[in-house]
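Structure record follows, encoded as structure tokens.
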């Protein structure tokens, strides 16, 4: 349990009509707790890691349920505080085949959006931490979320913690007045490992690299030059054939070396939310336990198998993921 | 269809774990659309009235579903506009017997809280309207909701429309800086019919009448004296024996005359939300179709039967309600 | 297995929104198979009797499912034939407390309504039969159902079979041109045991006895005088306090002797459909296995306990019923 | 709202065990309201059109629920009357892959089968109407349904209304004594736009054209020659690969010009019922808003996307359909 | 967190058809994890206590789910080991009113029955523990469960830990050859607080005290004389009016002093399983935080409110329980 | 009904979270009754055969429900006895695509494991029997199950009954001390028809034939040589592409003649449990009604279509299977 991992981010509730129904056709909804960084935390805890999650939830029975859910993974919730704002949530209508899924958010005035940096004793929260993980969602939600994260990142760097960043830019966030790409660039500069690809690099740097292999390599080099603290770049490629089938692949640039994994195919897709987070969790697990190339393969397998799990979180064990990684994914029943 | 009724208020989604489960014990929730004024509108439409509801909903599939739901009653939705804020909602854990129900709200930054008075052409919206109904919930949600309502009330008075007010004070609202009781008193002064009792009068006037019959009569007189536009007062008394059984009674002061109905008992209670709104709808229907005393009895029966319907809205027909009013409520099966 | 019991009647499907929802509030319905005579058959089979049911079902997967359901009780289905008409069904909205339940039927052009007497070899069907049970529902559905039943009754009498009749008159039947009360009187004249009370007797005989004890005794005597084949009368009294609570009592006139049972109270009522059929089944079982007075008490206990079982059929064993009969009905858990 | 569309046809309830279960394996059923012409109406209303539906439903809570459902689309229900017959319904066991779906109907004695032409004031019902849509289902249900439709068609032609016909012949209808193909030919002669292909033309005309492109063109020409009021023919081709995957294509003959669309593939199919109706609705919408070729493409995309929606009705917006039409149908999530 | 509480006992799964259905009427079952000692642990953890549970679960995904569930309360699971035997479980058909609930067990060859004392380092497991709780279920399951518990009790006594015992005797256990009452007497002799009443004392001591107040006092004195380590006796009285309503009361003998609480009534009962465990948890919480008399009242209120929670475990907070204790249990909604 | 078929084996309950959920994500489970030999029996009964099943179930309401389920197929349950041990069961988490399904068993101490040979009067049980079917599961469960089966097989051979054997070896059984392969070889020596392939032959004979066609033929010849009572060998090949798609093929060696069927593809797979049993049932039906080659094709089609049915049992009729066999398996709806 010496390799403690700390994550920071919103705890969000997903509400979804059953099956492929639209909300108009429904009188009930399934719900799941998740959140991009919590998804990473939960998957890591399921794989046996020692994980702490930092967040702010609502001071009501909804927030209590969320914390209880997080505890069920054995995640340390000491640094999840509560405030009087409602828990963030989103509605999802699940598409299929030619019909895309649709999401409607309710998060910008929620408990995480109102998190206050002064409520977190970052020194204490990061004590003993080896890996700190953040994503581009948190700083897009509100200014105070951005400030809290920034303070956390600064503390992490001071403490010499490995920082993994997944700086996805989402255009439906960033309503509070800051320029998303500038903020993300600033925050990446506190990070050591970049989980992202050409799109993310182009957004942050304002460059226009192409998404092919050569473009990816050049983009990584440019990134490392502009932000020297980054020394490893890992990218997940998800090719959505239809809303019901998917291909996944990982690639990486470690120092001068380019790696890529096989393409894994998932058909049918049970749930495509949280598959990038499953990749990130698989990667962090892999970096702790394997070499970089195997870590990438493991991350890609984790990403693939998550597509078969309902909800935001990858409930699969390392054994499950290793089987997919080793190509043992036919129609078996494990008795 | 000449007696058009207009209501104004939030469209809110209720989310509730099935049965008496707590949220921690659940993976799905039932949902219902409602809202105190919409509940009145829906019940009136179910009874055959010509009803328009004015509101603001989210500009996403959640708001679309809400509007579709409202249309299913035949309610005119022309004056429901859309904005970029999420639909208000609340979570409900349903108690039983000695355990109270619990509610957690998420409404203060929603689409109705952000309604803008200038978006409503009140003259047009109230065209042909005979009754305009409002409650104390709307002005407690946000300043712009208060302002919209006030403009509506002023227009209604100018047009000589009968205004029914249900000025319940809720302490978990009124977060935007106004004094709730003062605002409610101001708004009641635009009304002609007061639906409420000693508690509501005491809150608005700052008086301390007792809740017994004599206190009620004195309180009504004081109310009429201070707010002369009020000429009828109707009160619903709901005596919660346990979370699972309930007694309801109506009383009224019309000019100098005091009326009261029998006590109706409901056991078990299926759902206690919206029972006051069922009373208000029954009352308005009664005022249009019956004399005052029968209207009160009809309202009380409507209140009682609503306790047997899941969700916020009274789906019962006038025939159903008349049967309860006439004491025909034994264990029948209507084939 | 020597005491074979034969029943004749419609197999009907019940469709019902979950809980106390109205159909407008639902996207799914629970379904149950039943039918007043089949309910008697199923309860008797559950108690270990040798039972055959005679009917006509639809020649499609709905009819197949119904037959499969009937077989699950071990009931002999050899004499259930199939035709091209749809299976009869009804919709039920379940009331509660002051709200009555509502039923909408779809049975008058169904497979049972189109049963043909010539399709039934009554001699063979009644071979070895000791008890034949019929109700007033069947002859009210259609002329061919009436004719089939009449032929069955004639055969039963020729074979000296005990015939139990439950000649309830339902005003929503009898659309095909016959006078219900006349037909019922005719058919009762082929019977030996009358399950019914003052209402049923008054309807059949055109009399106006009162429903009190004395009226019951006089009515029974009049019945026996006019229809001498009847030598025992058993009546169930169900007093519906509300849609959610119920009292049951049995009374009987055997020769000159009047019996009555204690009043049993059921609160809350889970399902009130089929409780009269549970009484009839309990009575027939009791007549076979006990003396008349104990049979009546057993029937009343069967009627009471059926109120706790969802659906049309009493799934309780003789042991369960005997416990209720013996007053052992507190809040136990049988481990 | 000037382009009013009127539809005429049965409102039918679909009852289906959940998932791929057989009825024998189920205790509950999902239900949906639909009906081939109502499906067209609902889809058009969802796309923003001004629609009226004409029908007859049961005078009970089932019929009320159906009307409430229809109103939820904003469809005008003024010309839906009620009678004492039960609402038509069907049971569906949903197949998968190599197993076909199975349907059992209960509609031939229902409320629509008993519709009376004299109950409909066709002049008033068609006031302001630009498009009247009918299908071959209605006249196959009963003689009075046929007569009502015929009167409606005659009125429509007198009023110069565009009449779209989808004259599918179903062998499990037409039990009341008329020759289906003759009736359909008669009714098509009141129409201006033919939605159907070689099969439908062969059935109506008694011809034997082949289903290939050339056959289609010749068949259309023959149809136009025999029934000169028809001036446009649009055909949907649905190639069922298995019960779980499907290909759709549209083709048309407008004057001398043949058009065809790309083949769209849907895998997996969520629901294949109502996909032809989605085509018809898309086509009518397209004819009002686009040119003929784009209308055909839009109709084909509407047909394809309907395969992803549970129930009979296409809940997709014009934006959703346009995306599919434009090939933007990969594995997206719309946030 | 200094008052650590340790519990020892089986983790068992409950499987139950929905509502009041029998298993024959169902295709699905709700499941809950529980177990008499775990119920105590979970309730204490919900009230904010520091709790460890010791047990053995199956080494498969069922056992993993159970552990995840236990973690969700924040309970320490370090001393829950795994073996190759299946998790114990039971089936429950939920009765109502006059129908009793029925249970069928599958636990005697499960993972807990196969727990091995040598797998538990009791010294370490009880480190820092203030209260150790056991019940009469564990030693009745198997000899090795008995031996493990005995070793735990001996260690607890050596360490001077307060030991609460709930030595209920269940006749459907004790299949492995030991005399239950003798074993229970032996194990009680390692305890300091006795949770039980006249029945339990009579069973253990072979006495025949009556259940009235005087009998209770005498029985307690006899118990204290025979087993001097016991210095407090607390008893819960649950009077089952029907399967749907219940009365609860607590009484105690502390030194020479007799206390009793008011009678609390619960109607309807949602779930009666685990109500005794809720009493025990409330009592332990009360003993830590209140004086003995208030502890008894708190325990009784906890017992009462548990009847309103589905499943085995009391999810209520101390605030919820205090409200019931203070008589504030009417039909409220907490907003 | 002269061709009576008798099966012998465990009745087992399957419990499974809904959809593709893991148990941790669920609060309810679907349940099905099945068991490899019962699956064969049920499918044969569905196809109209006269079937008896011999087993031992629990003497509680779980066992009663199982028997009721078996009766629903019209299977003779006279020789199913009851004992005090719990019914065997297993939990299933349903995988998808790259994720395998997982099973956890609870059967080794259940009612079937405790079946006693002396409780079965094999002579009587096999009276009139033409085919007796057994599998390798039963003798792996317990010694007494093995002994019961052996006695049954000896009796069957004495009576000259055709014995079909499906001697699959499961490594998670055989915990009671016997060598599985030796026992299976012994029991096969009482059989006449071998349902299995190269794997099964290699396991029984200790040989190492390859799985290709030539290997299969040689293996069959070796089997016939070592066990001369076997005169026909039928093999099912199921190629699991992923957990969601599957290919099936049959092959056989009858005397010197090799047959094989086409490959049938099923995508998506609804349920892969019991597909081998569907093959066996289809084969036995085919051997009774068709020639060997057609029997093999019919068995393969039965195996394919079972993949589309939830639960363990093939609910398809002979007509359904013949359609698949004849290649008529596109996307149809049978109205």
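Chains: A, B, C, D, E and F, in written order; residue numbering restarts at 1 for each.
We take it that a contact is a pair of C-beta atoms (placed from the backbone, for glycine too) under 8 Å apart; a residue touches a chain by one contact, two chains touch by 3 or more.
Given the structure is predicted, the values throughout are model-derived calculations rather than measurements.
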| item | value |
| --- | --- |
| Intersection of contact partners for chain D and chain F | A, B, C, E |
| Per Cα centroids, the chain farthest from chain E | D |
| Most widely separated chain from chain C, with each centre as the mean of CA atoms | A |
| Chain centre separation (chain A, chain D; CA means) in Å | 45 |
| Separation of chain D from chain E, taking each centre as the mean of its C-alpha atoms, in whole Å | 62 |
| Multi-chain contact residues (two or more partners), chain C | 22, 24-27, 32, 68-69, 72, 102, 105, 268-269 |
| Category of the chain touch graph - line, ring, star, complete, other | complete |
| Residues of chain B defined as touching chain C within the complex | 32, 72, 264, 266-270, 304-305, 307-311, 315-316, 320, 323-324, 329-335 |
| Residues of chain B that touch chain F when the two form their complex | 25-27 |
| Residues of chain B defined as touching chain D within the complex | 68-69, 71-74 |
| Residue ranges of chain E touching chain C (in the complex, touch as defined) | 19-22, 24-25, 95-103, 105, 170, 172, 238, 240-246, 268-269, 272-273 |
| Contact footprint of chain D on chain C as seen in their complex | 15, 18, 22-24, 26-32, 58, 60-62, 64-65, 68-69, 86-87, 89, 91, 93, 102, 104-106, 108-110 |
